Amino acid sequence: MSKLEKILYGNRLKPILFLVGLILILPLVVKSPYIFTILILIGIYSIVSLGLCLLIGYAGQISLGHAAFFGIGAYTSGVLTTSFELSPWIALTIGMITTFFIAYIIGIPILKLKGHFLALATLGINIIFYILILGLNQLTGGAAGLIGIPSLSLFGVPLTDKLFFYFFVWTAAVLVLLLSLNIVRSHVGRVLRSIHDSEIATETLGVKVENYKVAIFALSAAFASLAGSMYAHYITFVAPPTFYITKSILFLIMVMVGGASSVWGAILGTTVIMFLNEIIRFVGHTYFGISGEVEIVVYGLIIILIMMFLPKGLIHVISKPIQKIKPKKKVSVKAHKDMISQKGV
Amino acid sequence: MSKLLEVRGLTKRFGGVTAVSDISYDVGAGEIVAVIGPNGAGKTTLFNMISCFLSPTNGEVYFKGNKLTGQKIPQLAHLGISRTFQNLQIFHNLTVLENVMMGAHVKLKTNVVNAAFRLPRILKDERIAYDLALDAIHLVGLEELMFEQAGQLSYGLQKQLEFARAIVYKPDLIMLDEPMAGLNDYETNRMADYIKKLKSEGSSFLFVEHKMATVMELADRIIVLDFGKKIAEGTPDEIQQNAKVIAAYLGEEVV
Amino acid sequence: MELLMQYIVTGLTVGSIYALLAIGFVTIYNITGILNFAQGEFAMIGALTCITFANAGLPISASIILAILISATIGLIVERTAIRHARNTTVIILIIITIGVSTFLKGMGLIIWGTNPKQLAPLIKMEPIHFMGAVINPQSIFIFIVLLILLAVLYVFFEKTYIGSALRACEKNQRAAKLMGINTSTMSALAFTLAAALGAIAGILITPITDATYEMGFLIGVKGFVGMVIGGMHSIPGAVAGALIVGLLETFSGGFISTFYSDAITFLVLILVLFFKPNGIFARASGERV
Amino acid sequence: ACNTETSSSNDKNDGDGDKEVIKIGAIFAETGPASTLGKTQANYVKLIQQQLDEEESINGKKIEIIMQDYETDDTKAVIAADKLISEGVVAVVGATQASTSMAILPKISSEGIPLMTVAPVNPEAKDIYQMAPSNLTNANLIIEFLKENNISKVAWINARDGFGVEGLPSFEKVAKENDIKIVAHEEFDATATDMTVQLTNIRKENPEAVIVWSRTPGAGIVARNFKALGFDIPMIQSSASANKGFLDQVKDNNENIYVIGSKLSVVDQLPNGEQKDRLEKFREDYRAMFNSDPDNFTAHAADGFHLLIEAIKAGNTTSEDIHNYLKTEVNKYSGLTGSFELQSDYVGPYEDGFSVLGIENNEWKYYE
Amino acid sequence: MLKVDGVSTHIGKIKILHEIYFQVEKGQIVSIIGANGAGKSTLLNTLAGLYRPTSGTITLENEVISGYPANKVVEKGLSLVPEGRQIFTNLTVKENLLLGIFSKYYKEKKLAEENLTKILDMFPGLKKHLKNLGGNLSGGEQQMLAIGRGLMSNPKIILLDEPSMGLAPKIVNEILDTLMIIKEDLGTMVILVEQNVKAALKVCDQAYVIDQGRMIINGTRDEISSNPQVISAYLGIKSAGA
């Protein structure tokens, strides 16, 4: 890592190594297929929330429609592999490319909108998509869903084994994370954050704001599509309700709970939200003997509490103690001084 | 002196009100031109039309001989025009350094694709932006605050930050809307020095200001607006003597 | 002709249901700038508490008043606890909080009232009216009248009164509002109380037509939100008009094109509209310039 | 249905901790939109667990039911399925919705665990025991009714959700075979507030009966709009309307409205006999615990559990044994919702548990 | 009289103001001067209740107002014309002005009408914009609006944060005259934060210099005007290299 990078963005190697280490170690500890399923879904959803984090947290553009892009991926994979018997890999790639272009074209008019208007438009897209998959039942199976989607296989080894699928999903998630980190830790990241703060000023500086917004929108949609394909091949079944606006809202909650201002927050938020339900259920069942409706109430309550007391997201709680030991500002200042003295300026 | 900016018959009406009415003037290369006038005279509106934030009801603007009117805002920076705002537009959540680095955008080739794959170009660009930004920060003396969040600076410092951001890439024409408002005399003089220094390096300025001492000291030429109309144009000395200007704007007590 | 008339009548009926929700949205938005995703749940609580009281033998008028009071209190409690604490964070966080509140209230509704739909007798007992070949439910007319009254009252309140301008000031610039001596915290509490009461009124009014369940709030909430946005976020008449347009769009696209795709068509039209009017059809000047 | 009793699974091992426990999984939509159907199923889990606990032990073993609420979310259902597999259940009852059942089927069947679905799934689905009458069965009941009333032109209207869209394909098939024309097909959002437009569209085609496939409250709103528009033809609704909630919705204006209902709804009007006793006991047990009535969806769940318990009582304690038992040993099983023949290709119970019900004095009316 | 007794203010974890002491007597104009970032705005905001001081007390006419929220402080008769104008862009000019007297509007409608007329006379430029939205005004017009709004309620004490910013020289003089008038006629106390130090020193009775959050110099107008430190740092002596 260059010195300049350290000045501007601080360290990145350590958290990545930590994550990779965790991914490698977990299978040694975890044996239950149930936890594995959750871990796999966390990996899948993390890919969506990473993209959303770029869009919401960095570029400041809200989307209440990412479940649609998630769905386009899932259904492209599902339909192409069942009705047309294409290889899942080709289907997955076609899905990503199609979604990217669809999102790009939709994005051009839609991203002219701001704030709540954008929220409404993306919500509309989600609803239109939902109705379309219900309506095109010849292809999609309609409300009954699409059964018999094949699982992925790699070099002839089917990834039906959870462990394989787990590594596959998390490899993809880490790659997406790296891409996102690269973007964020570059001039583009600064441009996105500038757009968030003041579009007017950003444009004045010569940035074609619309292009950036649309590009990030399409990129995050492509991430969602990738995740959707993985979802389809993992669950081997898709049905419309999975891709309704409630899912878009869930993605949004994941990003916000984790902390939208950091890509790490996306992964953390996804993890926490995915486990939250299970923990409430576990605790509720084992110790209080409560039933489903009470779990929902507790879940709602916890979301409220997290947002009330940790508006910057959970990532802030984690990074704060680290910041205390090694404030980013001090690191930057020091690196800056080092560099200046080396240059002899 | 060759013409850098030509303003031809610019007019802007809001509903029934004519905020700017048939204004024409030129800015030559390497010149500093000031626009003054009472509050509400239409100075900012004029600025907004030149910099394509508002489309004029009538008239057009040429820059280096090319028509500017109707261009998209980002295009201006690429042509070599930068501006600041009367109501500050800084990036609150970026650090001072990052704010100023953003000013170097037109010099960079980073895009989403090469950033995502971290091609070597990226690191080179970071370097370029950083070096340019450091120069600008040095110029306005914000080194100490380089790593502070811009939103936490006081008003006057934000003002200087916005100035630094506007000059990073050494644009040909720098448009400043009341650059000295909120600065004390000492800082005003410093700012005037920066402007002179940049002028000597070849930049031109078009600026609006109410601090007459500075205007008179800096400007090569002054344009005076009142109720949207140009009521005078001339050198500082001419303007100071102009009865119309005194009555409309300066009041009995000059400076 | 008959068909057309029926579509108009139905469109207005459905639209006025959405409109009742939309004015609740605008009320909160106008004062606090928050988009309250729990607005539909206030309607649910209003409706179901009213039914509970009515079934317990209370006179209907007393039940209605009690239900409105209880909902308003819940609105107040929500504001005093969840919202107040997060007042100074970003809008999107407040939105997430209201989503949490919505989940919470819906869960409570399920625990208290179960899943079966509950009925409320129409407030005016009359046979359906036949008008130019269309059938009109008397309750729809009643809803429409109440809607118009609320519209007039709220319009005057927000646009024509001094306190109304103070409330709009809170939305735009809290800090400056405080400097004027406006207690923004009280205003925010007022907003939620009022919006919850409006929600409750909406819920009670529509129940004779739609019946009440714990999940009744979601769809009408979303549609109310759409109406509000189309209307330009800030204006009560705009929101009502927007909601009625949504209702009419739905029935017309359902009637003339297809009921399968009516929602999709509605949203497509709305997105197109936004393309030409990016701040809503009835947006008013915001007074922002550079 | 607000009850204060707690699930009995938390005091599972009290007192007799050394007993071997056999676990059965349950996946129902206790919350979310499908809870209209799933809530009583989830309730029933508590009831049957209590009954099992009272029964002392079964061959020295104890049966424990592990209930998972999937919140009407397919993904959560899949997680729940994995959770149940991790817990080592020998069989699973669920899910409330057909599409969800299909979502969890691959997971569960790949572990060799029998799945007793309580929804009418696609007849082509393999490896699944269906406790609800298939849509074909339902369609046949309707056809029978239509023929009796000399009706040959019908309109179909359904909700746009998992339950709503499943009815039509089977009906289309049998209608064709019986020369009944479907002259209109309309759809509405499952939570819509007004279906006048759909009914107006239907009226244009002059049908002789209208068939509705939706759960409440949509089902009730359609019926009410239907009456308001002055239709005087019969309306036949799906079994999702055969409950108290629907009856209340159409109160006092319910002539000519019919539902496909389980005989459970009309126990008191049934001729005396074994079926009546069975249903009566089921209803009384449920009433005693929850102070409300079960519906046919509860009964589907009950049939699923009863079959499994019977299998376990017969000494089958592994998934494989239970499979074998269900497929080979159970000949004709008389369930709450009708009689089953699990080894035949026929899916779901026979029609004998169901009937087209009318409404009289705001109560279900049974026609023999 | 306003008494500031050892007030310190933190923003986040950073101590911005360090034990500030000063007071303003009835009918006095007090100027506060200091470089950019010295803490002037923070001080005014603290007095107005936007920040809560971490130590010290602020007393207005025998009532301790530190710790009151801003809206309560206003009720006690303190009015702040904030930095950056902070007008309500979505309200008309008239609505903006009338909100200036929010805390007693309903009790004193007449006063509101009177003051409205007075202020429009003071800033004739606003008259033609009365129905225009505040946000559409030019920068200077907005500044007039903000000052006018601050004066609407006849406050006991008015704090002005750089009122001359963006105003034409003629108007600046008029505003300073107005301040002199209200201090004489109504006995209004004025705290003036100004970068235009010369102008500020012309009208004030007392002046304070603040540097890095500390009061470093104080004195009467004449003392301050002749203080060499002030002259070199704040009175426009050309920096080297010019």
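So that you can tell them apart, the chains are marked A, B, C, D and E in the order they are listed, and the count of residues begins at 1 in each.
The rule we apply is simple: contacts are C-beta pairs under 8 Å (C-beta built on N, C-alpha and C of every residue); 3 or more make two chains touch, one makes a residue touch a chain.
Chain identities (UniProt): A, C = Branched-chain amino acid ABC transporter permease; B, E = ABC transporter ATP-binding protein.
On a predicted model such as this, the values are computed, not experimentally measured, just so you know.
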Distance in touch steps, counted as few as possible, from subunit A out to subunit E: 2
Please identify each chain that touches subunit A as well as subunit D. C
Work out the mean Cα position per chain and let me know which chain is farthest from subunit E. D
Pair of chains joined by more contacts [C-beta pairs], C-E or B-C: C-E
Farthest from subunit C by Cα centre, which chain is it? Let me know. B
Whole-angstrom distance, CA centroid of subunit B to CA centroid of subunit E, is 29
As a quick test, compute the distance in whole Å between the mean CA positions of subunit A and subunit C. 32
If you average the Cα atoms of subunit A and of subunit B to get two centres, how far apart are those centres in Å? 41
Calculate how many whole Å lie between the centre of subunit B and the centre of subunit D, each centre taken as the average of the chain's C-alpha atoms. 73
Please list all residues of subunit B that touch 2 or more other chains. 53, 85-87, 89
Going by the touch rule set out above, which residues of subunit C reach two or more other chains? 107, 110-111, 260, 263, 289-290
Which residues does subunit A have that touch at least 2 chains other than itself? 131, 134, 200, 293, 296
Between which chains is there touch? A-B, A-C, A-D, B-C, B-E, C-D, C-E
Complex interface listing, subunit D residues touching subunit A: 6-7, 9-10, 30-31, 35, 42, 67-69, 71-76, 78-79, 82-83, 85-87, 98-100, 102-103, 105-106, 110, 122, 125, 160-162, 164-166
For subunit C, which residues count as touching subunit D in their complex? 3, 6-7, 9-10, 13-14, 17, 107, 110-112, 114-119, 128, 135, 137, 206, 209-211, 213, 215-216, 218-220, 250-251, 254-255, 259-260, 262-263
Can you check the complex and tell me which residues of subunit D touch subunit C? 1-2, 31, 33, 35-36, 39, 160, 186-189, 191-194, 196-198, 200-201, 204, 216-217, 220-221, 224, 228-230, 243-245, 248-249, 251, 292
Flag every residue of subunit B that touches subunit E in the complex, lowest number first. 14, 37-45, 86-88, 152-157, 159-160, 178, 181-190, 192-193, 196, 210, 212-213, 249-251, 253-255
Quick check on the complex: what are the subunit A residues that touch subunit C? 56, 62, 109-110, 112-117, 119-121, 123-125, 127-128, 131-132, 134-135, 200, 245, 249, 252-253, 256-257, 260, 293-294, 296-297, 299-304, 307-309, 311
